[in-house]
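Quick one: the structure is below, questions incoming.
Letters are used for the chains, namely A, B, C, D and E, taken in the order the chains are written, and counting of residues starts over at 1 for each.
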Amino acid sequence: MSLPAGLLDGLLALLLVILAVRALIAPTLYQCAVAFISFGLTLSLAWARLAAPDVALAEAAIGAGLLGVLLINSLRDFSRGGDDASAIFGKDLPTALFSRTVISCGTLAFAAVLGMAMFHMPEGGGLTALTEASLPHSGVEHPVTAVLLNYRSYDTWLEIGVLVVAMLAIFCAGGFEGFRRPEQGPDSDPVIESLARLLAPLMVMVAGYLLWLGKAYPGGAFQAGVVLAAAGIILQLAGWQIIENLSTWAWKWGLGIGFFFFLALAVSFMPLGLGFFEYPEAWAGPLILVVEVLATLSIGLTLTCFFVYFNGMGASESRRRTR
Amino acid sequence: MEWGRAKAGAVRGRTMETHFIYMAVSSALFSVGMAGVFLCRHFFKKIIATKIVGAGVFLLLVSIAERDADTFADPVPHAMVITGIVVAVSAAAFALALARRIRIETSRASFEDEEAAE
Amino acid sequence: MNWIILSLLPLLLLPCVRFCPRSARVTALLCGGATLPALAVALGWNVEVDLYFSDGLLGVSLGLDAPRRMLLLLAGTLWCAGGVAAAGYFREDPRLPGFRGFFLAAMSGNFGLIIAQDAASFYSFFALMTFASYGLVIHTRSKAALRAGRIYLILAIFGELLLIAAIYAGVQLAGSIQLAAISQALWTERGGGWIYGLALAGFGVKVGVIPLYLWLPLAHPVAPAPASAILSGSMLKAGLLGWLHFSPLTHGGAGEWAGVLVILGLAAAFGAVAVGLCQTDPKTNLAYSSISQMGLLTAFFGFGHASGAPIAWILPAIAIFAWHHGVTKGALFLGAGLVPQTRGRTRWILLACLAFAALVLAGAPFTGGAAAKGALKEAGTYLPEAWTGVVGTLLSLSSAGTLLLLGRFWLLCRATPTGSRVRSDLGWQFAALGALLVLALGGSFLLFRRFLPEMALKSGLTGAFSAAWPVGLGLLLLCLGMIYFKRNADRRAPNLPPGDLIVFGEWAARAFGNWWRSRGAGIFTRKKFDPENFVYRLIATGSGRLADEGEAELGRWNRVGVAFFVLLFIFIWGLQ
Amino acid sequence: MSALWQADNLPVWLVVWPTFGAIVLFLLPARWRGMTGVSFALANGVLALVTVFFVMEVGVLRQEIGGWAPPLGIALALDGLSALFILMTAVVGGVVSVYAKIYFTQVVVDSARSSLFWPLWLFLWAGLHGLYLANDLFNLYVVIEVIGIAAVALAVLSGKTRAMIAGLRYLIAAVAGSLAYLMGVALLYGSTGVLDIDLMAERLEPGLTTRVAIALMLGGLLVKTAVFPLHFWLPPAHSSAEPPVSAILSALVLKGTFFVILRLWTELFGVSLTFMAGQMVGVLGACAVVWGSFQALRQERLKLVVAHSSVAQIGYLFLLFPLITVPATAVAGGFEWAPLAWSGAVYQVLAHGFAKAAFFLAIGVLVMATGNDHKASMLNMVGRLPMTTFAIGLAGVSLIGLPPSGGFLAKWMLLSAIISSGQWWWVPFVLVGSLMTAGYVFMILRLAFAPSQHEAELKSVPRGLQVCALLLAVGAILIAFPAEWVIDLLEGTSTFGEVVRAGAPVNSGEVGP
Amino acid sequence: MTWNEWIPLIIVCSSLVPGIIIFFLHEEAHRTRTILNLAGALLKLVLVGLVYLGFRTGEVYKFQFQIMVDLEFMLRVDALALLFAGLSSALWLVTTIYAIGYFEGSSNRRRFFGFFSVCVTASTGIALSGNLVTFFVFYEFLTLATYPLVVHSGTLKAVEAGRNYLFYTIGGGTVLFIGVVGLTVLAGPIDFSQGAQLSGLLENSAFELKLLFYVMLVGLAVKAAIFPLHGWLPIAMVAPAPVSALLHAVAVVKAGAFGIIRLVYDVYGINLAVELNVLWPLAILGAFTIIYGSVRAIFQDDLKKRLAFSTVSQLSYIALGAAVPGMISSTGAIVHLVHQGLMKITLFFCAGNIAETTGLHKVSELNGIGRRLPLTMGAFTVGALGMIGLPPIAGFVSKWYLSVGALDAGQPWIVAVLLGSSALNAIYFLPIIHAAWFKQPPAEGWRDLRPKRRFEAPWMLLFPPLVTALFSITSGLFAAMSWSPLSLARVIVERVYFLQ
């Protein structure tokens, strides 16, 4: 292990831990959110250091990017400040000291045990070799994509399902299904609007590229979907109200099509005697591409919808206040 | 394809202990996050804490993948992490929506508020 | 067809009580007539005397032997007389139906216990008689009657319990419920003595031995005259029958209880005279006389245990004495009941009758009484030499005492004022009285002929003189007493409360009751006294603080977090 | 087309059909969802029943997804145990669906929200099926999350603030729990390099990593199963949801994670288990029994009573673990109580599923009729809502474990196993639990018999709702009768059956008594 | 399945089916309900009679249904079962008539009669159960079925009593459950076979056998109201009169006593019980309860409460009899099962009549009531005297056998206890009788109260106590008859002692 690399890893490690703790005990929520977003970006670096570019992309896009946006967006409602460390450790000094010590020791002790467990972990060997051996039959060239969309396509399918469920769940949380049009007109500033006009098409292109790339290189449906969502969110911020203007039929199909098509594909070869999620080897590549395209669409739409719905919740709140 | 493999191979060649560092970070993040889930009061922070726990778990998985790398890093944990991230984000988004809704309706921002109020 | 069952006719008549008209004739027919089958059976009209009725109770067997036959005769006679007397006595009584019911019930109990040969039915009839008599005792519902009833009931239940205990033990010992088998087993198996002791005490309540006689002087005066006649005449003898059933006499065994019986008997025989003299109510007087007479019998019974005398002698002697006492005392009670109903000439005729009856009871020569005493004395000759004289002397002294007591009774009767409401038809009562007197005079002799022909001859001739002097002595003492009190008119005869010792008992009971009400009962009668549900209340109302606070703690995230981590550590430690 | 329906594919259809239904319902306009939803649900129930009977005929069904064999791909397995859970889900789910149809069309007027019920419920159902079929640790994680999010979404469906708060609590606890589980999975994957349960069981070796991993998985799942002292999220969540949702949550969702624990405990954790480990889980269960029942006794609101009762009843299930985790030395003499313990726990699952669902549905009726679920609203119900009171009574009988009911059979078998295993110290817990259960059940029933001073007029409740509650309650009684069949199914076709029959202990413990 | 196999099930169902139908009838369908009730009761009685005839000729009646391994539902007719089934069905008939009269015009009759029928089903089931599990099933079933009856009136007091009742009975049931399970684990499924299954275990598991005996005893003692587990009984008397009657005579308490008899004679077998030396605590507790119940009864002014404590006392006769080894004592215990039922049901009927007709509940108010209700009080007197043990009423016979049996077993102290109890019974019963018949009625109050120009209680209320009183007398008076309860008890005991 070379010194600079080791130093980088050590610094990253330290930064991660500090940012994580900071994200939890920062005195204001805004600082928390910032620390958390920084944490997410730092984590992406760590993924990269660990030779996981797919994960790095996904994390940067979803974990830090989208969630960061959602968090910042939520801050409007939680503006009255959060709790600082005293909420956790107690207000008066002796109690705080004591509980700080106890909690730190406890957490450290558990981390130590967990770390020991990891340190002593036997070499399971993983599935690298097997994946590689089966890669020619998978229809794609990038192993992660192969795992996601072929070997463990069942999980991936369910995971897209989770997105749909989460959308439904968020509808439940908001108390209504669908999207409200804000009553007042879009209150965007011209800078963002012009930026959006510039960025949005670019981002759609990037998404398409990522998607195509995913067949052989890191990248793929999730990353592409998130970029798509980013485009949607920027447009939304620019006051475009795409989702609100879509017909119910359209956004529903948009949300569901990835999952639905994946499902249809999974069972469509069963009459031919193939198993669930089993494709004819020759068709695997194209089929996976179609799935990816539709999944990208659905994911992008879903994530955009998350944001739009969040915005709408705030809007409905402001409406109520004005009444 | 070459890109990923070359990179993975390079990483493998260079470092034997990289994954140990990140495993240590993983355990720390998991522990801190779990502690945060239970100790932080504000909904917002609790949700962040779950994300940190998740980060700890994913970091371990990716570390394992790195450890088990051959011509390329083990793709299965990578796939698991990607799936996991999406699932975690979905859950976090839902939680955030709920928290906002509660905040809007009752102006409570933590479960303790609720207890105090009832 | 076995006719012995007809003795239980009164039982069958019981349901009619409610529906019969209230006329005197019906009463006589119902109460007196019901005894006729029993009398007929007793007099031997029925040849076949054993009846086994296997479905009843625990297997009923009925039957008669000589002593039983005689007791049945006595009972029949007395109940008959009582029934007839009742016809006149209760002419206008509103509680007549009730009286008839209790009368018939007690009667059937009395008959039944005599003919019963198994322990279960014996006890059943005995209990029937005991409890039905309660109704007779409290007939007037006066305060005194209720008090007497209460005491009677307490003692009766006490007796019943001892008795049933003796029966249980006897049955267990014998492995059979036949009375004969029980008495057989009692004197061949170990432990019989205690059982006999229980039986003695149990029946002792009826016989009126010390100290179980306490109910007698209270119950007899308050009960209606026909009832007291029967109580005294027949019921006391039922106890005697019970003794005989358990006694060793029939099996030649010697009892441990002889001494006790003799001492208690003699104490009663003379003590009762003393106490009786201090009474002011003629019927109480008579009750004490009964105690005295039964004491005599008890003592004689006790002697019998020790003597080893042939049962063939002792038993008839007892039977004859019992008969004699029963009939005579019945007559006396009936007469005593008549006293307040009569005036003028009738009163004098009545008094004459009573004087005659008193003489008979005391055993004046040439009367049935003399015969009875003679029989006892004769049986006494089979006792050890030293005792023969004692028995004779005691008998004579007892006669004197009896006469003294009855003299006082007679005087009291004479002094009794006529009741405000004089009843017009005394016929039924006088008829009954007369019949009993006749039987008292002659019946005993007839019985001698029937049961003890050879003895009758002896005692009839030799008894005359020996019977005479005690009577004379008694009369003398009576005269002396009269003269003394006439001289010192300011001095009253000592006046003891009826039931003597019971006064102490009642006083103690009252004291205890007061104490109990003020202290002891507090625990039991307090509303909150509820030991049953101590545990229930403890749990049901137990503090829920732990639960509420505990759950609140477990609902806090930080507590759950600690628990979660502790659990993880424990699991890590516990796994391998 | 015949291949579509061949037997091997049956497990797949169990997942495909409800998800298909869910997505179709999502796409349909809200107003059409009620009828379509209940049709899909009932068809799903029928499908499940068919599958179960099929399993009975052919034994364990296995399916490799995508044609990739386990280490790389994902396998599904359907054995007797899964079949029983699927069966219960089918029956309870079917009845609850009918109830929900009536409830949401006739009682709840807010169609926008209630129409969300159907896709979520079918997703949840699919998730449960996926859970019972799963044979892959990561697949388990994904379905657990599907179930978790769908369950919380359903729990907050009512839109009440209380439900929202409870739902958030539930969600955060669930997410934390599943992440702890995932951490364990990661450690195990690192140790063995596979995710398939069977393969992993072959490769897993005891050691610190395994210990920590198992502890984490167990801890996470225990949180999700709401075992004492980690049950803090359950009572508020279950008590504030809509009635059909409460029924689903307590009868079905809780059982899901229990199923996972059971499966992992017997199939995977074996290498690391000790007598102590079994005892520790048992202690948690026993404490849950006592504490949950005690809390239930003290509640003022009926739904809270029932929710706390769930904590207690789930506790009984965990008494299974100490009984099947005994040192080899103790097993040498015979392990005859294992089948009993198994069947007992499974019966407890079935009985509690039926009874608790019936209970919640009945209380739903009550709330509709009186407007609140305070204990006092039960007053004089026996005359006014006899069918519902009867349902509560029957469900209560089963919960207490009075004969003849499924609960009785469960307690009978558990107690038999406890006594024959010599672990007598669990007896008092069972006893006290029963007593206190009786206490709160009759606390409710006795009110039903008491006259009320000022009786508010009851709102009319559709008869169908009452019938549904009663049906489930009767079911809780009737399941006592096919016991022989159930046990055969469990032992005959279960992979656990091998464990049970072979008399092999699930550990080689040294820490035994 | 032949007729002989089905008939026990039919007997049990002959009340269950009407009960279930009644639940679905309309509240106002009085006539249909009455017909159903009476038809069920009659059918049951007739069937029990037929079975009795068949049983005497050696027919075997047995119904079996395997629920799972070691868990079999079995109904079987044996002599003891017949005795108890006969008692239940006969008393059910009279109680049904009584209840119909008692509840005339009151509300919630559907509920009452429904649960009433179910209750008798449980009682018959207890009687006919052929193994321990089935017994337990019905035992618990009974608890449930009686609860609605106890709280029927719905007053606060009744509800509280119901809670108390459940606290005790469910607790007892749970303890019994543990015993049943333990015994099954130890020896496999337990049929009522006079201890044949258990005697083999004597050498190796004597301690376990002892322990389980006590555990089950505690479970049964709750319903049998043995001190200190009797607390529910005096409180449960707030139930309506027919319920109290049934509760105290046949249903609940008798189930406990019957259970004790089954436990001693059929589960363990008397020989094994003697060898294990487990009976003496039962004897001592029983004896203490006898005295304790009587003493407590003396201080109760509430008539029903006094009767309830009397039940506590009387029930322990059965336990005591069962605890004393020996044929005579056993006969006494078994026959008292029936006799106590007959007498106590009479007393409760009468107490109900008094309360219904005159509104009196207190002993101290009963002066002269005999004139107002002569027939009722006549029946009451019979019952009370029988309780005291006066011949020829049934109680006399029981006490006879119990005492002689105790002496036979060399335990004379029991006789002292029994006689003491008799004395105490007299102390608390005789004043009632005396007051009723011999005291002057109060000047005002109930004397003027003659609803509907009736003198006595209506015939439906009057007939049942008269019948049961008559039965109490005849079963004592003709105790030696071959049809009497005593004879049946003798048959049972012979089987227990000789046919092992």
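Structure notes:
By our rule, a residue touches a chain if its C-beta (ideal position, glycine included) is under 8 Å from a C-beta of that chain, and two chains touch if they have at least 3 such contacts.
This one's a predicted model, so the numbers in the text were calculated from it and none came from an experiment.
Looking at chain A and chain C, the chains that touch each of them are B, D. Shared contact partners of chain B and chain C, listed by label: A, D. Using CA-based centroids throughout, the chain positioned farthest away from chain D is C. Farthest from chain E in terms of Cα centroid separation is A. Ranked by how close its C-alpha mean sits to the mean of all protein C-alpha atoms, the top chain is E.
Interface comparison, A-D versus B-D: the pair with the greater number of contacting C-beta pairs is A-D.
Centre-to-centre separation between chain D and chain E, using Cα means, comes to 42 Å. Taking each chain's centre as the mean of its C-alpha atoms, chain C lies 38 Å from chain E. Computed centre separation for the pair chain A/chain B is 11 angstrom, with centres defined by C-alpha atoms.
Averaging C-alpha coordinates per chain places the centre of chain B 69 Å away from that of chain E. In chain B, 30, 34-35, 37-39, 41, 43, 60, 64, 67-68, 76-77, 80, 83, 87-88, 90-92, 94, 98-99, 101, 111 are the positions where the chain touches two or more neighbouring chains simultaneously. In chain E, the residues touching two or more other chains are 163, 167. Counting partner chains per residue, chain C shows two or more touched chains at residues 555-557, 560, 562, 564-565, 568-569, 572.
Screening every pair of chains for touch gives A-B, A-C, A-D, B-C, B-D, C-D, C-E, D-E. Of all the residues in chain B, the ones that touch chain C in their complex are 34-35, 37-39, 41, 111-112, 115.
Taken in their complex, chain E has these residues touching chain C: 163-164, 167-168, 228, 230-232, 234-235, 296, 299, 385, 389-392, 396-397, 400, 403-404, 407-408, 412, 415, 419, 422-423, 426, 430, 438, 476-482, 486.
Contacts from chain A toward chain D in the complex involve residues 113-114, 116-118, 120-122, 124-127, 130-131, 134, 150-155, 158-159, 161-162, 164-166, 168-169, 171-173, 175-178, 248, 252-253, 255-256, 259-260, 263, 266-267, 270-278.
On the side of chain E, the complex with chain D involves touching residues 23, 66-71, 107-108, 111, 136-137, 140-141, 143-144, 147-148, 151-152, 154-156, 158-159, 162-163, 166-167, 170-171, 173-175, 177-178, 181-182, 184-186.
Contact residues of chain A toward chain B in the complex are 1-2, 5-6, 9-10, 12-13, 16-17, 20-21, 23-25, 29, 32-33, 36, 39, 43, 46-47, 49-55, 58-59, 62-63, 66-67, 70-71, 74, 77-78, 80, 82-83, 87-88, 103, 106-108, 110-112, 114-115, 117-119, 121, 123-129, 131-132, 141-144, 146-148, 151-152, 155-156, 159, 162-163, 165-166, 169-170, 173-175, 216-218, 222, 299, 306, 309-310, 313-314, 317, 320.
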